[in-house]
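Note that the chains take the letters A, B, C, D, E, F and G in the order they are written out, and that residue 1 is the start of every chain.
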Amino acid sequence: MIFMAQRPLDVLNRALGSPVLVGLKGGKELRGKLGGFDVHINLVLKEAEEIHGSEASKRYGTMVIRGDSVVFISPAE
Amino acid sequence: MIFMAQRPLDVLNRALGSPVLVGLKGGKELRGKLGGFDVHINLVLKEAEEIHGSEASKRYGTMVIRGDSVVFISPAE
Amino acid sequence: MIFMAQRPLDVLNRALGSPVLVGLKGGKELRGKLGGFDVHINLVLKEAEEIHGSEASKRYGTMVIRGDSVVFISPAE
Amino acid sequence: MIFMAQRPLDVLNRALGSPVLVGLKGGKELRGKLGGFDVHINLVLKEAEEIHGSEASKRYGTMVIRGDSVVFISPAE
Amino acid sequence: MIFMAQRPLDVLNRALGSPVLVGLKGGKELRGKLGGFDVHINLVLKEAEEIHGSEASKRYGTMVIRGDSVVFISPAE
Amino acid sequence: MIFMAQRPLDVLNRALGSPVLVGLKGGKELRGKLGGFDVHINLVLKEAEEIHGSEASKRYGTMVIRGDSVVFISPAE
Amino acid sequence: MIFMAQRPLDVLNRALGSPVLVGLKGGKELRGKLGGFDVHINLVLKEAEEIHGSEASKRYGTMVIRGDSVVFISPAE
């Protein structure tokens, strides 16, 4: 059996335009549509909202997030 | 359908001269007009004020903010 | 006797497609299948779940984790 | 209407010799005259004093401040 | 008398295959056999276990540890 | 009137051999004579002592201080 | 009078083989003989022991310490 490794930036590329969950340093979590990213993992998040549990607690619209603050990006499935 | 990815710096470029919300490490939030930026995401914020909730708590005028302290920039919509 | 040193990225390479435990800064631990990685130790984790002790407390599906937040990766044996 | 973007270092350059407020990581704020700076945003601050609210709490004279510790520089208006 | 300086990576090289104590940021300590390392001081630790005092509190098997999280490596003597 | 900007490293150069106050991350303050420095703002501090208020609380003799830990250097006037 | 500046790495070089005090981020202090170092200020410390006040609280033997964790190195006089 052959395992095909996925590169992290390829996974982000396939998630473009789709809903993602983003975890930030300090524990804040945001959800929105992944509008874009660059090699530093700076992100564009559209229709972004901060969530606590599964509740939206604050709406931001479009956000540019610096990669340095990002812990993870998880595409919705 | 074709999804056109937006590069983070392009989103900042379109926000030049417009109101933005800026989140800093440690949780401080500022609003003002985006006066400029560079590739390190160092920012120029004009008519800047620190906000708590939706209240302005402190006025700064023009600020140069080091990119290293920036978590996100959200253009007003 | 000859000791053959293992390079860190070679160990990750052999773990591709297999279960791993990932420790993050701040103490959070995740388990999942290692889907991919790059030289910055950015990771792709599949079927990821956060664990407390040996209990899964939150399910994420696929995650891209920034290397900067990773403390360790331990392949299951 | 044409918006002319201001580069962060240009804003600092125009503030040379003038009073500025400097915010440091950890929340300390200093005011003084901006005596110089370099591309790392290392600063020279003259007649520097630490402030709490609008009170000077400690006088330093000339300070060289490492850019890595700087959050923002706000020229007085 | 001539003092022969030891380069840090040479000390690690001589410790390959031998027991080491590893201190991480935040104070966690691990022991295991040093399986490998690279110039970033990313480590491979074999038969790794977390210790409190001299007691093993958690067993990990093989770990890849990011150099950025490492404070020290002390070869057993 | 012409304002002559001072580069941060030039200010350090003029302070060589003279008393300085050094502020470190975490709030510790040291005073001593500036014995040398390099472009990373690694410092040599001679006759160094930690101070609390204006009292010397601990004497160190010569110290090499990593620039990464330095917040500011203030030459005595 | 001519002041001869000392470069930080030259001070470390003269301390090779001699007792030093090493301060780490977080406040831990170690003493031992400086066995070696590199340009990142990664250190080799021999006969290393952690100290509280002037008491040795823990003995480590030889340690490789990552420069990123080092705040200062003070040669004994």
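What we mean here is this: a residue touches a chain if its C-beta (ideal position, glycine included) is under 8 Å from a C-beta of that chain, and two chains touch if they have at least 3 such contacts.
Fair warning: this is a prediction, and the values are worked out from it, not measured in the lab.
K.L.:
When the CA atoms of subunit C are placed over those of subunit F, what is the turn angle between 0 and 180 degrees, to the nearest 5?
P.N.:
Superposing the C-alpha atoms of subunit C on subunit F needs a rotation of 155 degrees.
K.L.:
Between subunit A and subunit G, what distance separates the C-alpha centroids? Give it in angstrom.
P.N.:
42
K.L.:
Once you find the CA centre of subunit F and the CA centre of subunit G, what distance in Å lies between them?
P.N.:
Distance between chain centres: 19 Å.
K.L.:
Measure off the straight-line distance from the CA centroid of subunit B to the CA centroid of subunit F, and report it in whole Å.
P.N.:
About 34 Å separates the centre of subunit B from that of subunit F.
K.L.:
Considering subunit D alone, which of its residues make contact with at least two other chains?
P.N.:
25, 68
K.L.:
Follow the ring of contacts from subunit E in the direction of subunit G and write out the chains one by one.
P.N.:
E, G, F, D, B, A, C
K.L.:
So in the complex, which bits of subunit D are touching subunit B?
P.N.:
Contact set of subunit D toward subunit B: 3, 5-12, 21, 25, 27, 41, 67-68, 70-77.
K.L.:
Quick one: which bits of subunit G touch subunit E in the complex? Just the residue numbers, please.
P.N.:
Against subunit E, subunit G makes touches at 16-17, 24-26, 35-38, 42-44, 48, 60-66, 68-69.
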